[in-house]
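A, B, C and D label the chains in the order they appear, each numbered from 1.
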Amino acid sequence: MHKVVLIGAGRIGHIHARNAALHPRIELAGVVDAVDASAQALAREWNTTVTTLDAALADSTVSGVIVASSTDTHLDYSLRAAAAGKTIFCEKPIDQDLGRARTARAGLSGANMLLAFNRRFDPNFQALKARLDSGAVGAIETLQITSNDPAPPPPSYIAVSGGLFKDMAIHDFDMARWLLGEEPVLVYATGSCLVDPAIGELGDVDTARTVLRTGSGRLCVIANSRRSGFGYDQRVEAFASAGMVRADNVSESTVQLWSESGVATDRFQNFFLDRYAEAYRREMDHFADMLDGAPAQVGYADGVAALALAEAAGESMRTGAPVQL
Amino acid sequence: MHKVVLIGAGRIGHIHARNAALHPRIELAGVVDAVDASAQALAREWNTTVTTLDAALADSTVSGVIVASSTDTHLDYSLRAAAAGKTIFCEKPIDQDLGRARTARAGLSGANMLLAFNRRFDPNFQALKARLDSGAVGAIETLQITSNDPAPPPPSYIAVSGGLFKDMAIHDFDMARWLLGEEPVLVYATGSCLVDPAIGELGDVDTARTVLRTGSGRLCVIANSRRSGFGYDQRVEAFASAGMVRADNVSESTVQLWSESGVATDRFQNFFLDRYAEAYRREMDHFADMLDGAPAQVGYADGVAALALAEAAGESMRTGAPVQL
Amino acid sequence: MHKVVLIGAGRIGHIHARNAALHPRIELAGVVDAVDASAQALAREWNTTVTTLDAALADSTVSGVIVASSTDTHLDYSLRAAAAGKTIFCEKPIDQDLGRARTARAGLSGANMLLAFNRRFDPNFQALKARLDSGAVGAIETLQITSNDPAPPPPSYIAVSGGLFKDMAIHDFDMARWLLGEEPVLVYATGSCLVDPAIGELGDVDTARTVLRTGSGRLCVIANSRRSGFGYDQRVEAFASAGMVRADNVSESTVQLWSESGVATDRFQNFFLDRYAEAYRREMDHFADMLDGAPAQVGYADGVAALALAEAAGESMRTGAPVQL
Amino acid sequence: MHKVVLIGAGRIGHIHARNAALHPRIELAGVVDAVDASAQALAREWNTTVTTLDAALADSTVSGVIVASSTDTHLDYSLRAAAAGKTIFCEKPIDQDLGRARTARAGLSGANMLLAFNRRFDPNFQALKARLDSGAVGAIETLQITSNDPAPPPPSYIAVSGGLFKDMAIHDFDMARWLLGEEPVLVYATGSCLVDPAIGELGDVDTARTVLRTGSGRLCVIANSRRSGFGYDQRVEAFASAGMVRADNVSESTVQLWSESGVATDRFQNFFLDRYAEAYRREMDHFADMLDGAPAQVGYADGVAALALAEAAGESMRTGAPVQL
């Protein structure tokens, strides 16, 4: 059993606490949170104790640290955990500031650090990746990533989110890098405010299209909207030389109603914690493998690369011109 | 070009007239109908002439006869066409009376006669049959035939229809024989009047389930209702040793509407002339092959066999006991 | 927290132990098994203790008992738990012998007892039931239950199984009763041995079709095979006056591969513990509601009624005649 | 009956000849082709005569002209037909040269001229448009057009095609204008040669992504490849404020094969004459309406507008910068 301490007792912290506590190779050895009541409640739920980051890092029996606190603390806590030799599970994004993220390179690139882009661990996207890797459809040529939220967040969230590209499309930039098999060298993005005028007033967009181009000419389109009107819309189509592989949305059930107006399926899953429940479990399982010695499948460098693409997309949208990377 | 004369200028006659007239190897050489105005109108539409059955049979340049007149004339006209050495395209059913149908054996079993069970020519069911015959799923074991009409016909139609088994399920009995690869030896049927009480008052049922069993123990269920509530419902599932092949309903278009309540497809095709338009064309194409010398793929004996199953199903329903064939 | 003791540390016992232990309103207070090592291992896994049935029943702080031991003990343990005033969660079937099951009526019909037909708790079937109950498609008229296992069990299992109807179709008889909204009054069944000759040598069948008829003439077909060739095949189609509701199989993922030969989906789930994982969780949730005072949604009488249908189906198959209930 | 003369007896001329000849309100009154044998053969097939453009235009009983000759003659023949007061059915594209197409404005903008973008008449895309226009999903915001050919044409075709944007994406530009409900004001395109190096050697691309932006900020992506690997890939997703409407590919049949590896559907239609057979019939039906006096639903101005977008896309790809319209 690997002892692991969790930093951050918020919504995502609750998910990781449960998955860590129930994992057969992990022991949730403590919870850290600035708000003591939150830490206490979560610790009680999983029969563990409240601790501090300093204590956790000083405890040589603790092997791993899960950083699930607010975004602005990700780099700092990860650097400290790395310095203490801990295996790290860090929530995305690595930071909102590309410069800051790059500065941390010396301290983080040597650590065994999972940058937790949850979609890489989703069973559907993993199955898609496995089909591509199997060679069944030949070499990938183009990629369509559709990534729409069910409904826009409140303006207060938008205000501190870092904008659509860093907050929402960051997942899609990581997916693109993971699936394209090559680094993008050109980014073009355009966006609009079509969903909620309050988002536009904050200087952000709620609807965007981004085109990525790799060195060998592979093309990727990322389609984003803050509102789908039909639930969580997370789909991928990967076109290759001998066919196409795609992953579709997940429905609440397999039930269909056949009537005069045709076939009506059940609704799509609407909430990311439902849609990605299994992804979070698989993330934790990979973290257990890392604690056993396996290298992280996605780490610090991936977090920086996705952030660089998000920054380039924002620049392209502002200037109206494609950005070379 | 093979000269062909059509008997019967009703609804199905119009379909066959068009398909014959447009066929590159067939010339529609005349139309026969008891109602002269109907014959005249249809002949004019396809630039041909009105004639009589006697004249057509006496004309040695006429190779084929299409019998699309009322059911009670099918046997008589076919026998006369057979005696005149014509190739025959006869609408289903062969007759409503099994004894009468069997009596015609001497005159018809030697003729090159197509008993036009249209579903055997439907592209979907032909594709299903081809998959089965390819051996891709091994030997067939069980069969599920779902065959529901969009809405019940008027009681006046029911009164002369011969009942659900002879009028509606007759298609399904033919499909069962075609797909099972063995003759049924046992029939059990049960039925209810759930859709329209007027049908029950006429001594008929509008809802039925029939179980067929072949000599080697293959099992088939036929599900019938006079009303689906969602259009024309014509589906087949053929279970075999290594999997299942199925044919589904046909939708009006590929359009889907994704909304908060899920995915809504377009409606299913509702009218049998839409659903089987291509089947009727393929029937005529097969008739052209017969005129070129090919043997009929489905003929007199198949018409009798399907009728015998319909009669057995009716008996089973009345007596409550399975019927041995 | 309701204290609950589990009897039976086998495969299904492991499922219930986990779901009980993780349930927020249930405390897994002990494990009972004739094989001490099994009980010890399972108790250790969930941080509880090994106990005996006597001790559990004598302990007034224990509110509920989960009977997950072998079938022949279900009635006896349930009767003892009922006598001790415990709330009961009993695995299906209630027994293999209808007479024995009926004899237990005095002792069980008053108990708050869940007869754990897991399919009633499956999210897909529950969604189907909810659509039917909503009245969206009118009153139910006919029902098609398709229930095929991925592959046949070994002959040793068949020998003690009670036969296809009591072992496998028992679930479908319960589903039929649940969905038809009326009791069947007539049962006709026919079966074959098409999958594994060893099953036939044991006097059992591996393929069957059963027709049920209710008092008002509603019809139900149950299709069973011990082998689908394509995974776990558990589907329902409920036809009603204004349409149809159906529940389909569950795929491993949403991934599709589009190639020259068409669209290939991912495989269907193959293992019942995957297919019904959520059903087992919902069962335990319902048991928690029962411990809070709610009545069981499916209980002793349902277990007897399903067994009676299974017995009638077996008799119909043996005699070749429909059986009146 | 409206007399109509067809110019061009090539592949697409054959389609229009058949649809005109079989149309109840149209009489195919003559065929014109530079190659006399071609004209003779087609005229014979549909029982009409060979004529010349001059004779047809001089014949006051001829109401309509179908221009299905080579692209470089479209403008000239249409101008002459317009001058003679004929109703015009002109194949797409209007021309490969935007300047030339614009020059013809004086002569064509007053004519009742159908610019035959066949996809506007496809039942699937028409059903999609009808859903959008019904308001069922609110106002359109973004559009995804996927348009991939089954396999690349030979280099000899590419050499005279005008390039991917004018030859292939021209349809998609028309679809975008039709569905977006607003004119694009910005075009960004990027392309690669990933399918056939011979296409690249001719200065063309075989893979492209184009982003369109309208005045109010609606966004459209057009995805094109000269090779899908899985048949004719023609799909549309229209995202609106309350949901999404989409049209999918068409399969050869509804047949599915369920096996250990999952569900395998039938292949997608591979040939545009199959995929759009009904669209061509509906085009002719609309032409009959025009001959009855109805205005063309898509005409000269649409042909020019689509060509302008194609030209802008080509410029954007060459310069690497978005092009303002």
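The definition used in the following text is that a contact is a pair of C-beta atoms (placed from the backbone, for glycine too) under 8 Å apart; a residue touches a chain by one contact, two chains touch by 3 or more.
For each chain, UniProt lists the protein as follows: A, B, C, D = Inositol 2-dehydrogenase.
Keep in mind that what you see is a predicted model, and the values were worked out from it rather than measured.
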More contacts between chains, A-C or A-B: A-C
Most widely separated chain from chain D, with each centre as the mean of CA atoms: C
Inter-chain centre distance, chain A versus chain B - centres from mean C-alpha coordinates, in Å: 57
Between chain A and chain C, centroid-to-centroid distance (C-alpha), Å: 39
Residue list for chain C, restricted to those that touch at least two other chains: 137, 228-230, 242-244, 252, 258-260, 266
Topology of the chain contact graph, where touching chains are joined (line, ring, star, complete, other): complete
Residue ranges of chain A touching chain C (in the complex, touch as defined): 22, 123-124, 127-128, 131, 136-137, 242-250, 252-260, 266
In the complex with chain A, residue positions of chain B that touch it: 228-231, 251-252, 258-268
Chain B residues within the chain C interface of the complex: 137-138, 141-142, 144, 146, 148, 186, 188, 190-195, 207-209, 211, 213, 217-219, 221, 223, 225, 227-230, 233, 239-244, 320-322
